[in-house]
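Presented below are the structures under discussion, each in the form of structure tokens.
In the two complexes below, chain A is the common chain; its partner is chain B in one and chain C in the other.
Moving on, here comes the complex of A and B:
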């Protein structure tokens, strides 16, 4: 059984909340346990609505979401469900509640009534995973954006989730903060077997996932490996998205006769070393 | 306006307290009229402090800021007059919208400058046009707009004051690729269509700088590391790394192929494709 199962899911916001049209429109997909899926889409494509439907913050209008077999509409089991799937949001300043890092991380476990000894262990372990243990006594406002987001991840981790949804959690960070987050995300799914759903509009982040789902107008437009998805350059452009620059360069070149006479450039290349290798081959080839 | 010069500018936050922090050290540069200059550097390098000083919100601890050769703080009472010629767009400006309609919000600035109703109408509509805020949006409440639309409305509010020097602090942060291009492209259109407008664009996205900045100022820990054309900076991966930044992927790929005769410092994929095809012919 897949960890996450979304079947025929639809949702629209009520008119008084600026509800224009359907935010999520008959979406179906499944996610296996321990995988790393990126969800791409321009602003307003339904990505964040989808995230909120996954842990029952929003209730489907049609269709259903099952997390490890629990339906998000099952009120008796909603707390159990939310301990399985945590969300890290966009704004690093909106998610921390305490004036000391370790107390902030302990907030979730305290709320669900864990014994103090377990809480202390969980907090330490979570801060270790995000490499923030040396800051455990620090005040959150003295941290950088990337560090705050890592504390927010630790707060989710302390509850022992099986899946974490990152809802544009890197959008407000500088390049260094984004790199720190991506490193933590990599460890979460590689070393701790946590299922990761990364909502982003940075292509280089999506390229690191095992699978990329592209949303448009509330529906799934593309779904495949990064290589398969980035092969659809024209489609992604039409959807208001970019492709990695290496993919774009090879796409532009392969449209030219002089290149076609020499070699056939593969589609969907997003690694710079591979792109450079292909360009060398192009120069070596004779028409 | 024309020329903006920083002359040995230093700025220290909370001087003579335990929180004392020297944000800028002996910083000197000149912004050329009619050009888009990018200000880049790692978080905490002093980029936003430069913006604040340029807008006359704080006074440099040392050194002078010259505008058209005149010291901004020569007569502290007249700083306000000079500030009218400078437009500053803060980070996340959409949080500052407050009027009932987008149109009224954009008109707030020019109205404060004492423009006539006719002038205000023209200024509002032309500013809205630069950043793609259509007629339908002008009539809406700012709170009915999407995040990207709200950001564009806030920037239009500054453009409507028709500033000679426009300073934008991370104007595209958090937006999707189309949103980024709409805003930065709009700012460049403003610079192109109006005469002698100077733009200072603060960002840590080297990809955006590659497309929109003519010149770059690279800061490191409050000090000037380099000031030159965007191309010159892109030919210096060592400097970019020292500043804690990364060149765009396209520049890294093509810089690695310079032994094949491909020039260094390529900024966009279009440029890379042209240069590569040129060399295939020879």
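Moving on, here comes the complex of A and C:
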């Protein structure tokens, strides 16, 4: 059984709240335990709504979401479900509760009633994972955006989740903060075998995932490995999305006759080193 | 200008007063306030002031900071003293008498006592409580002390949570206010000139965006809290448990003993003519 199973999921906001209409439209997909999935889409494509549907913050209009076998509408088990799947949101300022870092991280475990000793251990461990232990007594407003987001991750980690959803968590950060976050996310997935769902509109971040789901107007437009998805350059452009720079370069080159005469460029390349290797082959090839 | 807002005026330190259990400090402060109002004789006041000096010395907070903290009350203290000085009627002949002013010896006494009472009240509560206790510890201690009120339907946990969140967001909102003001200034807004009404009016374009963004923040925060399994105070534990240690109990008992002594000694001192009303 997959860890996360979304079946025929639909949701729309009340008309007066936003006139867009259906936010999520008959979406179905499953995610296996321990995988790293990126969900791509431009603003208003329904990806943030999807995140809130995954842990029962929003209740589906139709269809269902199962997390490790628990339905999100099952009110008796909602705490159990939210311990399994945590969400880190976009705005680093709006998700920290306490004016001391370690007490903020303790917030989740305190809510589920863990004994004080266990909470202290978990807080220590979570802060170590995100490398924020030296700031344990600091006040959030003295930290940088990237550091605040790492504290937010620790707050989710302290509950011992099996899956973490990052809902545009890097969107408000500077490049340094963004790089720090991606490094933490990589560690969570590689070293702590946590299932990661990365909601983003940055191609470079999505390219790091094992699988990319592209959303458009509340529905799934593309679903595959980064290589498969980035092969569809024209489709992505039509959906208002960019592709990684190296993908774009190779795509434009492969449309050129003089290039076609020399070599056949493969589709969906997104790694710089791979692109550089292909360019070298292109220069060395004789027509 | 808004950057250096200090919250609750806590001054970090490692003194015994800092390390005292916040609940003991709250109870001690309440006791202290009661004592200040009960002390009505010279010796009682002398004892109280001596206790205050000991507390200040133990707290390790510099005299300069303590005196700085008195700034806001200087006016009230002076005003009260002057009113007492002129409006207290004595039994004997007035010391000074001209036009409508009559100053009696009793007036001078009560002016001095009022001054001492207000100053020792402010110094005592700040040294014992706000200067040496973090706002978080205060909130925590209040939640625990007021816990029994839960049974008569007072939402103690909710109030404490609101306090915590408010404390957390004050610096964030201060920062945001500054940002909005800068943005408005860049577009030609003028906050500094004109009369008071004009200046208050010029703040409206700052307050409206601030309110709107606060509502959005509240919304975001509520969702983030729910995602972290928040469901009210039911079944909630705390990482940091407060334990009354021997030192805390000793402090409370000795303070209470001091108070009892002070209270019962008043009639004795009064009989010796030290009483002031």
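Observations on the structure shown:
Please note the rule applied: the second predicted complex is superposed on the first by the 286 of 287 C-alpha atoms of A that agree within 3 Å, B and C clash if a C-alpha of one lies under 4 Å from a C-alpha of the other, contacts with A are read in each partner's own complex, and residues count from 1 in each chain.
Just so it is clear, contacts are C-beta pairs under 8 Å (C-beta built on N, C-alpha and C of every residue); 3 or more make two chains touch, one makes a residue touch a chain.
The shown structure was predicted, so the numbers you read here are calculated from the model rather than taken from an experiment.
Annotation: superposed three-chain arrangement on chain A; chain B versus chain C shows no clash, the two fitting side by side. Between the C-alpha centres of chain B and chain C, as viewed from that of chain A, the superposed structures give an angle of 70°, to the nearest 10. By the document's definition of touching, of the two partners only chain C reaches A:116; chain B does not. Residue contacts after overlaying the shared chain place A:171 against chain B, while chain C stays out of touching range. Shared-chain residue A:100: touches chain C; no touch with chain B. In the overlay built on the shared chain, the residue A:238 is in contact with neither chain B nor chain C. Shared-chain residue A:282: touches chain B; no touch with chain C. Superposition on chain A leaves chain B and chain C with their closest Cα atoms 5 Å from each other. Contacts of chain A with chain B, set against its contacts with chain C after fitting on chain A, share not one residue. On the chain A side of its complex with chain B, the touching residues are 18, 42-44, 90, 144-145, 168, 171-172, 174-177, 201, 204, 240-242, 244-246, 248-249, 252-253, 256, 258-259, 262, 272, 275-276, 279-280, 282-283.
By the touch criterion stated above, chain B contacts chain A in their complex at residues 42-44, 144, 146-148, 173-179, 204-205, 207, 244-246, 248-250, 252-253, 256-257, 260, 269-270, 272-273, 276-277, 279-281.
Residues of chain A touching chain C in their complex: 52, 55, 57, 79, 82-83, 86-87, 89, 91, 93-100, 102-103, 106-116, 119-120, 123, 139-141, 155-156, 159. Contacts from chain C toward chain A in the complex involve residues 7, 134-136, 164-165, 167-168, 171-172, 175, 216-217, 220-221, 223-231, 235-241.
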